[in-house]
Structure formats: structure tokens, C-alpha cells
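Paired with subunit B in one complex and with subunit C in the other, subunit A is shared by the two complexes that follow.
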Partner chain A sequence: MLKVTSSPHIRAQENTRYLMRWVLIALAPSALYSVYLIGTNALSVILVSVLSCLGVEVIWHNLRDGKHVSRTWWELVFLLAIPLLGMVPALGAFVQWIECVAILVVLWFEREHRFDGSAAVTGLLLAMVLPPMIPWWVPFFGAILAIAIGKEIFGGLGYNVFNPALVARAALLISWPRYLTAGWFKPVVDASTSATPLVLFKNRLGAEVSAVYGPLLFSNTGGCIGEVSAFLLLLGGLVLAWKKVIHVEIPLAYLGTMAVFAALAHNDPIFHLLAGGAMLGAWFMATDYVTSPLTTKGRILFGVGCGFITMLLRLYGKAPEGVTYAILFMNMLTPLIDRSLRPRVYGHIAKPVRGGK
Partner chain B sequence: MIAVKGFRGGVHPPTNKHLTEDKPIRKASEPARAIVLLSQHTGAPCEPLVKVGDYVKVGQKIGDSKAFVSASVHSPVSGKVASIEPWIHPALGKKVPAVIIDSDGQSTLHESVTPKGSAESLSQEEIRAIIRESGLVGLGGACFPTAVKVSPPKGKTIDTFLLNGAECEPYLTADHRIMLERADLVVEGAKALMRAAGVRKGIICIEDNKADAVKAVERALRGVSGLEIAVLPTHYPQGAEKQLIKAVLGREVPPPPGLPLDVGVVVSNVGTAAALATTLRTGLPLISRIVTVTGQSVVEPSNLEVKIGTLFSSVIQDCGGLKGEPGKLIMGGPMMGVAQYTMEAPVVKGTSGLLVMSPEEAREEEGTNCIRCGRCVEACPVNLMPLFIRAYTEAGKWDMVERYDAFDCIECGCCAYVCPAKIPLVQWIRLGKNELMSRRKGGK
Partner chain C sequence: MNGLTGEFARGVVRENPLLRLMIGLCSALAVSVKLESSLFMSLAVIFVLTMSNIVISALRRVTPENIRIPIFIVVVSSFTTIVDLVLRAYFPAIYSRLGVWIPLIVVNCIILGRAEAYAYKNNIIRSAMDGLGMGLGYTLVLLIMGFVRELIGTGAITLLGATLIHMGSRFEAPILAISFPGAFLAFGLLMGLLNKLEQRQRRAK
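Entry: the complex of A and B
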């Protein structure tokens, strides 16, 4: 029997899982380092976030596709019931670990599900933008928001308008600002501050922190789990650029614009690049394929927009950080950018002006 | 040596040419029965000139058409016409009329087969007539009648003739071996083609993974004026006419129905040039061609000189047969070749290669949703946005399919090759183009 298909008959080796795997590998040093520095709190946030994202994906896909429906409903009830154990005094401190094990059990039952890896990436990114000292159910709830509301409701992988991890962070930030703007990792060396460098900067204490690049690069500042080391994030980003997993235009335009803006506003550009979520946002969030433009010009415009809005929010906004909202705002413009910045087709004299309806 | 400019987009698939690039061309065994399809080219099909029971000789014209865009066909063997009946066409996938000749094994030449002269001794009109009579078509695979190509309409001036020896398709080495072993024929044929088209400047374009062919052609070009070599970096789809013109001359052919003529260029395959030179020297029309028979599943991958009308099954037997069950049989290369459902299709003028893939190689990976990574946009050598054309085709929004310039697609397959979600992008685009075309015909 000869197989008949239309050409081409060969395919490149890279597939979606391969790309997602590399994003996880690139994030691994930062994640492991934060676990090393912060300890079990960071580990619990990361595990809860990643496992919950995988669990939500499985349950959603099963119910959507009508596969093992009754079993899936039981799994859903099971996983949602476990947080109630937190009310039992003796179990309160361990409930996040029980939930993690429960999700692992569910994943074992659903081991035939084909994961494309995107849920794991979303889960890890969500953990990276949360403070480590928060109740365990914040990342749990965030994961549900990220996968269900941030992604699956639009039609699943590839159809969401906004970066799922940032959707979850924005929603959590509005819902529980108390948890999301405190609970920073407290650096061991300098115990005098529990605020992040950007918070200090916002409170006109910038001069005191701006000259300390070392702590920003290698961990000794307060911040989210993913903000412990700008150096490791940069390293991960460069690995992704080297493996051609991400398009380097976006982070370069993003960080470049931030530096120029900061310099023009008489701020320390290097401080702004290293502080807060700039590195994580530029290399890992803004480069999300689904929510960023498709053409080189579009990606440069996207990066410039992200950098500009980030600095606008940092310098003139109420909150100390602006990366989340900057990227979410530019995500919204992505379809428009794709439509207006189409490449000139071979042999066509003028640029296509017939983009959309 | 000409400084090349390159082209945007494209891909670099594994070339896999090592299987056959060192194998000298050898003659395949004579077919006992030749199946000569009456439509082996772009344009009007031929009418048979013989009847069942007629005795035909090698090189005798057995099919022709009065249409301008067409190419005659000739008998590759001597013997009796057994029947005239429909037979599988390997590129069209359906049956077309064919003349089936039982060979008598004598290979008696037809009276018309006499040496014609050289590129210098013949006039422009004489060469054009010889091309038309010999049924010569573009041997790169598109099979456009060469006689039409070298007869530009009045008012169009051609300044450059490109001889396409890029052979960017993975696996194929037929053109490579022709340039290496028959460089003098390539140069002679190039001169004749240029004379027929009335062009003074010719460039032989070769990719840099064929260094020995470059040397051979350079040697053959010594003392020849008007012809130069351009060495191009290996880059698929450089052998596609439009990309070659862009890469070598920096010119862009206007969108369809624009032709290379519109930018003063004619492109012809090096195999076509060699075939023309053979006709001039021996008088034999186009009754055989070089075919690369290759793939991990073929016992003895080879470059064969095969008579047109030989069945694929017997060509593969000539190469020692297959190791195990075949998964796919492809006529042409893996990027643009046509998968066959039977081994009983005949070699046609456009059969540049036969690639046999094992069932393992032919297996398709299950994909995911489009993740909008933009790799297809980057890889498209025509600067299309394949993901959108696919999405609009799937949604049946035909006006948008057209607005995203689906008709400019050259179907090189780069988009589908790179797609990490394993979406058959170019296949969707073909579907969109077909649907648009039939809607136009339907007057909608």
C-alpha cells in the first residue's frame, strides 16, 4: 500500500512540544535558583501553579471533547474539594502538598492526554510573576484563571488574545492586591528592606538603590519569584534566541526602548532594565508566539510599544511596575499590527493595502 | 563569476544527495513495452498519429498537436502499437490517452533521425523548428514547451538567459550528474537555446553543494563567450524560476500571470539544454531522460538514463528493487514531488526523480493548533502569510483568501515544512486556490 499525500513529503523536526520544552529549559535556572534562595515557599508556588495548569487543561479538554466525561467530573470535584481540608487545623499547613499529590494522581489517570507543553509554560510563567510568600490557593486560583479564562475560553492554544499568565496576574492583582503587592522575598544580606527596588524607586528612594546592579543581577533584591536574578533570566533569553525559539526583535526593541526612555527622563537606564519584571517580560512574556505579531516590523513595533508603556507606567503611573499592563495592552494591538504591517509580496510593486475588511 | 544577491525566505532541509551524487549516469534496460502518454507537458494534449497495429521506429513522431502551446511525443522503441488507451498519468493522478508500443528489441532508428548541425551552423528559425519537432519541454519538472519559451512575443526583449542547474530539491542529483558528465552538452545546448531566443548573455546557475559540477562546467566554458557561471549558496527553493531570477539578477517577476519574459529573462533547465544538444548532434528527439532513483528503501540508488514510457516498477527493478515494503513513492523530490498510488505509471518527460520512502519515513506526526509562531511567514519566499490563507480557506472566506494573495503562492512547501504545529499549510493554500479558480470559472 502506497501512501498518497500532497507535497511536501518531509517536515522539519521542530514541533510545538520542542519549542515549549526549550522555554521550560530556559526558565529552569531562574526557577531553581529562586527555590534555592527562597526555599519551600517558592517551590510550593511553582508546583501548585504548574500542576494546576496541567490539571485544568486536562479537565477542560476532556469535558470539551466529551472524553471520559463522568470520570472527569469526579476528578474536578475531587480537586476542588481538597482546599476545604485547609479548614481542618491539623492539615492546614500541608494542604498545598496534598493538592499537588492529588493533581499528580489525576494526571496519572489521564496519562493518555497529549500535552503540547503550553500549559506547563503558562504555569511556570505565572509562578514567576507571583510573590513567594502568598497563600497557596492564590497560584491555584491563578492557574484556573490563566488556563480557563486566559486561554481555553477563546478556543484553546493559539486563539487567545492575551498572554494567559499575565491575564491571571492582572486578575489576581485586582482581586487580592494585599497578597500580590507584599510577600516579597526578603534578601538575606540586606534585611533592612522588604520592599522591591521599584517600590523604593517609586517612593523617591531611587538614589539609594539605583547604583546596586550586583544585587539586581544576582538575587539580593526583593521581588517576585521570577525576579531574583536578572542575569539568569537574560541567560535563559539568550539561550532561546540562540536556539531560534524566540524572535530576538521583541526583547531588543522592548529593552532598547526602555533604556532610551529612561535616559531621556534622566533615570538610570540599567537600573530600569534590571529591576522588576523587565527581563522576564521582555524575554519570556512579550515573546509569546500566540499574542505577539508575525512579521519582523510588527515585532519591532510591538517591542517598542511594550517598552514605552512600561516606562510610562513606571515613571508616571500609580503602581511601581508596568510590565504586565504594557504587554497586555500591546497584546490587544497584535491583530491590528498583523493586519497593517503585511510584508510586500514578491513581484508586487506597492505594499498591500488590502489588508483587512 | 557573478556576484549573487540571494532571495528572502526559504528553508534548508537535509539534502540527502549523498545517496546518488557519486553515481555515474547509467543506461536503464530497454523497456519491453513503452507507454507513451499523449499529454506530458503544459498545454494542449497531443492527438495520436499512429493506429493500433502500426509498426513504429525509434524517434518516430507518434503524437502531435496544432496548438501553439504543446509538444509532440515520439516513440522511444521500435515495434508494434499494441493499443491506444487511457493510462495513469504520474503528475495528474488520473488516466490520459497513451500509445502503448510493444518493443521488438531491435531499436531500429526512424529515417528522420539524422544529425542536425551545431548551434553556430543553424539559424534561429531552424533551431526553433528543431526544438518544436523534437518535443522538447522544460525537464526541471514543469514541462513547459521549450519551443514556446524561446519564441517571445513581439515587443518583449530578453536580455538574459538563465540556465537552471540549482537542483535545490533534496535527494535529486540528475542535473548534478548531467553537468558533471556532460558539461559540453550543457554548454552546446545553452548556446543553441540562446540563439533560438535571440539572447546574447547567458548565466549557468549552480548551487555550491555541487563544486565538482561547477568545475566541469567552468572547463567546458573555456573559450566560450557570452556564458558565465553563477555559484549560489544552497537554499531551497532557489531552483524555482522566480527565486532564481531574484537570487541571480535581483529582479522580481510581476505577480501571476506575470512571466520571466516581463523582466527580460528566460529560464531553462540544464537538463533541457543537454537534451537539445543531443538532438542537434544525433537527431534523436526527446525519448529519454535522466532520472534519479533514490531513497533509503532502494537497494541501489542510481542516476539512470531512462526511456520515456518505462514503467516506474521496472525502473526500480533496475536499481535492485526495494528493501521491504515501500511507504511512499514520489515522482520528483520530497518538497514538490507527487506521491504515486501505483508503481505502474510510466516515466514522463517531467520525471526528474523517483524517491521511495519507507513506511517509517512516510509517517505523519500529529500536530497541534496553530501557535502563530510566524515561521511560515519567515520561510515563505514570496512573502505571503500562509497561516492566514489557511485560516480563511478553512473558514470559507474566499474574498480574504484572494486578498492575502493566495494566487502568488508558488507551492514550494516551505511553510508546511517548517510548521511546528505540523499544519499542512501549502495543501490548504492549494485548496483555496482551486476553490477560487472554480468560483471564477463559475462566473461568481
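Entry: the complex of A and C
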């Protein structure tokens, strides 16, 4: 293909698959570590979430592009019928594994479909923000919401306004609050459920929790699948920053703002950075290319806004955590930030723009 | 389709007040949480819309242009008050559920919009057909949304105290469907579906 463009040209290795592969690699230690600590529950949530996202994407793309339409409809019916097997008492406990195998079969049939990897990242991120002791169909419906409502209905990757994984989490949080606000993991005692550090903090028991950074950094806290170890998340984030996969100014502005806010409000800044979804949100969610601003100045503003709203919700809101809503809210402002901080084109004389400064 | 049938049919799909003109959305999103409240709200809107269209059309030659809006409001609010009192007298339970949305029919954009855009310029029969057609379009959207949202969000459909459909105790209803975000989601999906169907129809021609 001959493509005529003006110089200079740079040939870059970067494409969506490359970037998404690095995000998956960076998330892998946290995910594997949580599977190691929590066991099959975490594994099933992660597998169901990732595979369902891939399945929904392939079915949507086929139906949208009119490829293998009749086969795709059968696949859709097939995958949606399997949860009904849960009605059969003997099968109740294995439905999630049957569904996983069924999706794998469907993906094998659709093996010529070109995945860009973004659905896998969405699925993994969705699993990371769910409690591990959750019925398997919650991540299943979450994946449908994330890919269909969060991404494809806007026109697919690149057109979505909100981070798909967070859209799904917000929708699931409204839909089934009792599953989303319980079922946390507490590894040391007996792998049963317990309150998260932020819930304890909310109930004014924060003093004793905030004294221990070790558990927050290395695994021993209650929380979502992705919250078991702030250290591994930080490591993954730094790897992404080193490979220049993410723009480092967003997490820095995000976490910096949180720390400053916490210090000014006489709270423990380090506790707030390590607890809850701050690390996951700042390094992996807020840095989504599609839903964050394009310019450096815009990205700093975006990060500051996220950090500010997160702390506002944590300290003065009703719920213990605010990362989800903070990032979704700033996602909404991203087009506005991009428009108001548009860089001046070199050599272009600025003239009063309609509605501009 | 021409003449009176055309006036009637136009409001149902092609110029559906909710999905196409996108007016009167506020109360529609709020009351579509239950099939029952959707049904009664629709009946109230059909009544007020048709009657006020007739009266405004009848008075159009004697209505001074400068003060036509206050006159429309007086006419609309008379019929709204009738609906309000009837519902309060005979269906107190439904009246308390619909709450403020019944008195607010006075300022519903659909009714004032049809008065201004149609009834003020057309004769009585055409205005009546316009009111009925627009009312039917409103009703269809509201009933679909009310049915889907109540069924998914609560797992059952109840109408006047009788349970019509029950999904069973194993069904864990997502609260999203009966929350406000669910209203916007259902409305947006319905609008997208209609556009998709119309696109397909146009392509088939």
C-alpha cells in the first residue's frame, strides 16, 4: 500500500496490541499474586471477566460487520443459555467453569478475528475491581456491560467516553450493592470476608489501620482482587512508565494531589495512597488513552481533578471509596479539557476564538 | 397516508414526542419506573393533550397573539386539575405514587409544544387527531420502558395489586433498572433500537 504523507516520518513499533500487551504484563504480577493468595475464587472471577469481555467483543464485531451472522447469533444464544444451567442443583457450583470453556470454544470458532487486546485489558481491570467472593455471574454481566454499553455502543475502541471497566463497576455497584460491598478477602485469619481498611477508616477506626503500611503494601488487607498488594501495582505502573506505555504525569498528579489533600485534612497521606483502589486507579484506569486528555497540561489537570474528587469522596462522602466515580467524572470532562487546552500550532497567529479566552 | 390518519399516525413513530422530538422527557424518565404508573401517567397525558389541543384550536381565532402562552397555560392547567382531582378521588394509591408529576403536566413540553406548534394553527378535528397520535406515541414508549424496567428491576410486574409476571425467587433483580441511570440507559437503548430499525427499513426500500 502506498501512503503519501509529508516528512518527517518515524516508524514506531507501537500499536494497540503492543500497548495492551504491556498493560497485561504489568497487571499480571498483581493478578497472579491474588490468585495465589485467594485461590480459585479469584481465578474464576478473573477468567470469567476476561473471557466474557473477549466473547462479547467478538460477537458484537461480527454482528456489526455482518460477518458469519447466523453462526454468531447461535454463539450468542449458546453463551447466554449456559447461566441457566445454574438452576440444576448438581451443576450449580461448576457453571462458571462450563461458561469459561464455552467461551473458549466460541473464541476457537472465531479464531480468525483480530483482537486488539483492549477487551482483555478491560476484562482484567474489571476483575481487579471486584471482590473475590462474588457470584460468578456478576463479572459475567459486568463484562457485557463494559464491552457493550461502556465501549461498543459509542462506536468501539477510541470513541468511548468512559473507561469501560469503571462503567461496569459503577453499574454493578448500583445493581447489586450487597455483593459489591461485601465479600472482601482477609487472608490471614481464615480466608473469610472482612471489612476493607477504608471501611474501617470510614467508621473512625482509621487510626489503628493507618499505622500498618506493611499489609497494605504486601498483601494482607481486605479488598478487591486488585487491591491485595499496592507494591505490585506500583511496580506494574512503574514498568508501564518505563516502557512509555502510559503518560506518567497522570498518576503523579493523581497521587500527589491525594497526598497533599490528605495532609491538609490532617489525615495520613501514605495510608490514603496505599489503601483501596488508588494505585490501581491512578496507574491503570486514569491512564486509559481514549478517556484521558491529549496534552501534558491537560493530563496534569486531569490527574489533579481525579485526586481531588477521590479525596473529597473518601473524606466527606457516604461511601468509603471514591476512585471509581472520580475517574468517571474526569473522563466526562476530558473533551472539555482537550478543547480548552488546545496547543497553539507553530507559526499560527492566535486570534480571538469564538468562546475562547 | 394523508389526511386525518396521517395526522394521527405521525405522532406514533415518525414524530414520536419522546424518541424523536425529545420533549417531555423529565416526567417520562421518572414515572417509567413501574408499568402501572406509566399506564396512568400516559392516560393522564392523552386526556390533557387531546382536550387542550381541542380547546386551544377552538379558541385560536379569538386568542390575541401577544398573550397566547398565558392562555394556553390556563387551558392546560384546567384539564390537569381535572385529572389531578379524579386520580386523587378514585385512585389514591396511584396518585400518591405519581406524586408531583401529575400537577407538573401543566408545564410538560409536549402539551405546550403541540399547542404552540400545531393546535394554534389547525382546525379542531386535526388538532384532536394530533393530540391522540402524540399521546399514543408517548404511551407506547412509556409502557415499553415501564414494563422492561419494572420486570428487570424488581423481578415482577404488578398492576392494580395483581401480580402478572413473577421471575421467581432465584432471580436477583439489578437495582440499576429502576434507578435514574437505568431510566437514561433504557431510553437511550430504545432510541438506538428505533433508529436502527428505521435505518434497516430505509435500506430495504
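To be clear about the criterion, the second predicted complex is superposed on the first by the 332 of 357 C-alpha atoms of A that agree within 3 Å, B and C clash if a C-alpha of one lies under 4 Å from a C-alpha of the other, contacts with A are read in each partner's own complex, and residues count from 1 in each chain.
Simple rule for what comes next: a contact is a pair of C-beta atoms (placed from the backbone, for glycine too) under 8 Å apart; a residue touches a chain by one contact, two chains touch by 3 or more.
None of these values were measured; they are calculated from a predicted model.
By the document's definition of touching, of the two partners only subunit C reaches A:174; subunit B does not. Of the two partner chains, neither subunit B nor subunit C is touched by A:66.
Between subunit B and subunit C, the partner in contact with more residues of subunit A is B.
In the overlay built on the shared chain, the residue A:149 is in contact with subunit C alone; subunit B does not reach it. Legend: residue contacts after superposition of the two complexes on their common chain; A:159 is shown touching subunit B, with no touch to subunit C.
In the superposed model, A:89 lies in contact with neither subunit B nor subunit C.
Residue overlap on subunit A between its contacts with subunit B in one complex and with subunit C in the other: absent.
Taken in their complex, subunit B has these residues touching subunit A: 11, 13-14, 170, 242, 246, 252-255, 258, 325-330, 332, 334-343, 355, 357, 359, 362, 364-374, 377, 381-385, 387, 400, 403, 405, 408, 411, 413, 416-422, 424, 426-427, 430.
The touching residues of subunit A, counted against subunit C in their complex, run 87, 141, 149, 153, 171, 174-177.
Residues of subunit A that touch subunit B in their complex: 1-12, 14-16, 18-19, 114, 116, 118, 155-159, 247, 289-290, 292-295, 338, 342-348, 352, 354-355, 357. Looking at the complex, you find that subunit C touches subunit A at residues 170, 172, 174-177, 179, 181-182, 185, 192.
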